[in-house]
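Only one structure is covered here, and it is reproduced in the block below.
In this document, chain identifiers A, B, C and D correspond to the written order of the chains, with residue numbering beginning at 1 in each.
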């Protein structure tokens, strides 16, 4: 059985590319298709939904609501939804889905990265791999999958000092 | 909560390294520690059990039994067990666990690779990432996690033509 | 015969590393030793001189003079000198060497990169490889080696539009 | 000024690719074009001559003669010739060029690799980079460029113990 997964991309560190004339990393073009092509995906078919390409620090409340509504909508017609998102405001979008949709019809799994895919050393492929697997294994609900951990919303926060996500009670000051 | 995972390595393509004087890929030293160091593992602590380092085509019946017994034993004292194994005889060891242990105390997840970690293009890190995540998410049982798919024993076979694992009824001739 | 080469590092894009908490590429620690360890260097021994670690856009006139004086000094006691430098002001330091030292006692070869070594796709290793080879093959003088080209000072300018170095008459507006 | 370089490929370790169904490294398709695409080549235009794709241990005397004749012929009409060759018999082809052509009209530079380009850790790109630069800088003659060293024929031998090339008097037993 092949599961049908919707993959919403919104930007974030994971998708940043290097502008060599200006010497900066920016959200300009999506590298998600290159990442997907480097993985062997036998269990799923992926439907790409390139919603926006933003550093999440620049997302407006309307952006978060749009992401949450789109994820909830797609959860009704796909076997699962993966959302690629900047980590700084990922938890905002995650909680917005819970507010809007409660428990969605199929699992919605957020992921992102601390280091862009374009870097030689990056957590981008690991995190995308984990999100694409977790979405097949967990019960319907809203999650973040990253750094070999799957955490359920609500109550997920970014631990800025550790550079990863934790359940609220475990968060350290960063 | 941090899960305690036992990681049994037995060799296989995933661990082959290149002997530049003889120009061949062989199972000589384990590259699993290098792979683990390249991943961000927040959800688990890994206990390494380097059991053997063999191309699985060279495993004896006693090797398969030793692997199965060790996995079943460790499943009783860890939250999960991952077994890195050559793909050609992975299903033999997987079925041996089911024969010996039935449903183990915690999940046992086999994985391997079609292309060694030492290659520029490889499925090794993807598969190891998936096994380390799946072992946290599935019910106690025996599985293979590879190519974004988690399949439960018994009934798993290698589809040689496709270079991946499938449930028996789906297998193509290779 | 093994040639003794002095390798002066001054920073620049080639050495920038990624600060994952702040999400920027900066000159903080030198990655030159990692680059050197990834090359097979049979023809030379390398003496490392970590002079500074700056984006060349932030170099003062005194910085350029210090770099030029150090290179000229080392050229008197080594078989060759390689200078790793930010490309934006590389030509300033190169011309300063010619002003101060004329034709040095042994070849002085500048190099740099348009894309940091830390990126998955980078010209850093290519350019360092070329500088370390060119310094063994050219006559005493001052050069830049980059992008499979060796150009002699004076008269070298950065072609900003093309992202490389050219002799002055060939420069395009960038 | 852009130099016109002919690039003859003959196979060897540098071009070996991995056959995942049989688990072996073999000379089947040329990866030279992928290597060339990953380099920034501003000083030259490259004319590809895919002559053969063999492990050099399997080259016949006629193969060595064909390689030498082709290199000498192209040296008359190009600014330089690079020959990618298995290292085990590279010196045989190099000496054959000297026998046939003496000092060719333009430089002929052989190169190869101890570890295939397909490996994560490889000397292939370094050696190709060096050959493409050396061919622009040396006097007409026959050379091997590899491991940051350029050696002139005749008198070059492979040092099997060290896994590199040396002038005959320096060779160690391997």
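Heads up, the rule we're going with is that contacts are C-beta pairs under 8 Å (C-beta built on N, C-alpha and C of every residue); 3 or more make two chains touch, one makes a residue touch a chain.
Remember, predicted model here, so these are calculated numbers, not experimental data.
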Note down the smallest number of touching-chain steps it takes to go from chain B to chain C.
2
Farthest CA centroid from chain D: chain A
Taking each chain's centre as the mean position of its Cα atoms, how many Å separate chain A from chain C?
40
Quick one: report the Å distance separating chain C from chain D, using the average Cα coordinate of each chain.
27
Geometric centre distance via CA averages, chain D-chain A, whole Å:
46
Touching two or more other chains - residues of chain B
114, 121
Once you've mapped the touching chain pairs, tell me: line, ring, star, complete or other?
ring
Which of the residues in chain C come into contact with chain A in the complex?
13, 18, 20-21, 23-25, 114-122, 160, 163, 174
Using the touch rule from the top, collect the residues of chain C that touch chain D in their complex.
38-44, 114, 121, 123, 125-126, 129-130, 132-134, 136-138, 145-150, 162, 164
